[in-house]
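As written, the chain order gives the labels A, B, C, D, E and F, with residue 1 at the start of each chain.
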Amino acid sequence: MMQYGLLVMGAPYSSPAPHSALRFAHAVLARGHQLAGVFFYHDGVHNASSLMAPPQDELNMHDAWAELHQQHAVPLDVCIAAALRRGLMNESEAQRHGKQAYNLSPPFELTGLGQLLELQQRADRLITFA
Amino acid sequence: MMQYGLLVMGAPYSSPAPHSALRFAHAVLARGHQLAGVFFYHDGVHNASSLMAPPQDELNMHDAWAELHQQHAVPLDVCIAAALRRGLMNESEAQRHGKQAYNLSPPFELTGLGQLLELQQRADRLITFA
Amino acid sequence: MATPNALLVIIRHAPHNSSWLREGLDAALVAAAFGQPVHLLFMGQGILALLKEQGSGAAGQKATLPTIDMLEMYDIEKLWVTEEALKGMHLTTDALVEGVTLLAEQQVPGLLQQHSNILSF
Amino acid sequence: MATPNALLVIIRHAPHNSSWLREGLDAALVAAAFGQPVHLLFMGQGILALLKEQGSGAAGQKATLPTIDMLEMYDIEKLWVTEEALKGMHLTTDALVEGVTLLAEQQVPGLLQQHSNILSF
Amino acid sequence: MILHILTKAPDSSAAAQMQQAVGAQDSVLLIEEAVTAALAPAWEAWEQCPSRIFLLLEDLKSRGLASIAAEHQLPTLEMDGFVALTEQYTKTVTWY
Amino acid sequence: MILHILTKAPDSSAAAQMQQAVGAQDSVLLIEEAVTAALAPAWEAWEQCPSRIFLLLEDLKSRGLASIAAEHQLPTLEMDGFVALTEQYTKTVTWY
């Protein structure tokens, strides 16, 4: 049994990386490993958007990640600097920036890049999807 | 004097296309032409996000487009299908999808792809930035 | 071959890698629905959109083949591919959907000239 | 050259085209700030990040040169570029910022082996 | 020993950079757009890393390339095999 | 007559596709990443379209390539010249 960390740097619907990462995540768990965390960076932060509304016959990637968290308690960390630039913020960041709305909420958590490096240190394997 | 239309298909901070398009738009106006409209498609829909919060020493692309609209009444049309997939919606779409928040508001307008083809027909020039 | 108001949509991206292909085909379908004559030119990886054996993606990614099949219903009858590109991919028309028209690479500039509107995806 | 816990950050994207370069350098700086030994390998278009004449973008795009200059302050002293890549771009080290170390292309696999952690941007 | 994961086509700059970085003991996994390498028998990497290049089967299937890969007897893996491969290699580098 | 706008590097598939599509009367404008063509004197397009390839000066400057372009006497345009070029060509195609 090993600890895996995933780094996701592509946006859903624009890159196949989130799809690959999600399928990989389920295969990791199916082989009896643990998922120490998923870190969303670069355009990968868009995976965390609670406002995405794809057509009903397409996978809602936000919901698919949230389900992974619910079933396996996998931390879903989003780089705060990459997120704010791209229009992703949680309630407290919205207040800080004087915005009326927010589009990121638990189980996704805004965090610093240090969390990625910590994940790389802690996990036996870090796999990048980009 | 000619009518120009712009098609923008890159996201700010991930692609240089919006920067090029904005500079081109100002140069078009400076040469005495008219801007019949800007159409945001593919990842270009992220230009319309009212929640983007880049560092203070970087250009806020949403605000830069809004300013272009204020000063020159340039229509800013966003493809609704491309936007909804990517987590961009206005107040009425938020209601329709049962979401608590929205991140797209005037001067950006959600519209169909027909608007792009209409712009291409109406304008003397359609320039793509992607 | 030349039609005054015709739109040429250039498809350069493969299925499943991004939404470029889907969004390019959508633009073609909407133009055709508006009654504009629409032709498609497939270049590079875009040719993969025409492979008849393609399926849907593993995790809820929609297949594009049904959209390709819809083109004919919308009277989009010209699907151009260059012989050289096909050869470069070691493919023959047998591997592709019905209705693809081959042209020589040197005819591509002329094809672009003949369309008054072009969109590239 | 080998350090047990060292991080190699591979930079493959040029300034101003995307945030890949900026976000890659940020990762390097944060790792260094956490006390991890960090080395950088510049490949392909990433080499353009080292051009000393680069400026800021025209419309409020931030320059990356100040970030490159910060690397030394964070004790990121190894900035590797292959001789072959530089030659392929018809550039010499005169065009680059100070402190770049050249290596032969055939040494690249060994460089990757020597680092226990790798991130590629 | 490193597992290199390529996600872009064999004629991309990502592929060229990966080819520079692959060591004698390393393996290569082709996923996403990279599985179009099945259409490129002349790709130098086939020579460079004989018998150590794998293709992700589900990405071949979704692109309609599975039978071409089978014809060329290219080694394919399911997602489970992808995980198994990462178990064997302590480091992976993704080229995109 | 078409103005081709290239935004990607000369070794990209976008550039290769553009080279197929450029007609004898067409012109080419290099913007964004495409201005790195200043570092590629062997690029076939220089032969293919002599005297009809322009580079956007502000993109050269921001990338530190303006003096190299000047050395090679490559024709550059300001953003205003870019607009002027689009005035002359009824159609533009962007390759990205």
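Criterion: contacts are C-beta pairs under 8 Å (C-beta built on N, C-alpha and C of every residue); 3 or more make two chains touch, one makes a residue touch a chain.
Being a predicted model, the structure only gives us computed values, none of them experimental.
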Count of contact steps on the shortest path from subunit D to subunit F: 1
From subunit D, the most remote chain by mean C-alpha position: C
Type of subunit A:subunit B copy interface by residue overlap (half), same or different: same
Distance from the mean Cα position of subunit C to that of subunit A, given in whole angstrom: 34
Centroid spacing, where centroids are CA-atom means, of subunit C and subunit F in whole angstrom: 26
Subunit A and subunit B, separation of their C-alpha mean positions in angstrom: 27
Overlap residues in subunit E, where contacts from two or more other chains coincide: 9, 13, 32-33, 58-59, 79, 93-94, 96
Multi-partner residues of subunit B (at least 2 other chains): 13-14, 16, 23, 42, 55, 58, 81, 85, 126, 128
Overlap residues in subunit C, where contacts from two or more other chains coincide: 16-17, 19, 45, 57-58, 61, 117, 120
All pairs of touching chains, each written as two labels joined by a dash: A-B, A-C, A-D, A-E, B-C, B-D, B-F, C-E, C-F, D-E, D-F, E-F
List of subunit E residues in touch with subunit D within their complex: 1-2, 13-14, 16-17, 20-24, 26, 91, 93-96
Residues on subunit B engaged by subunit F in the complex (per definition of touch): 2, 4, 9-10, 16-17, 20, 23-24, 26-28, 30-31, 33, 124-130
Touch list for subunit F against partner subunit B, complex: 5, 7, 31-33, 58-59, 79-80, 82-84, 86-87, 90, 92-94, 96
Subunit C residues touching subunit F - in the complex, by the definition given at the top: 10, 12, 43-45, 82, 105, 108-110, 112-113, 116-118, 120
Touching residues (chain side subunit A, partner subunit D) in the complex: 7, 41-42, 81-82, 85, 112-114, 116-117, 120-121, 126, 128
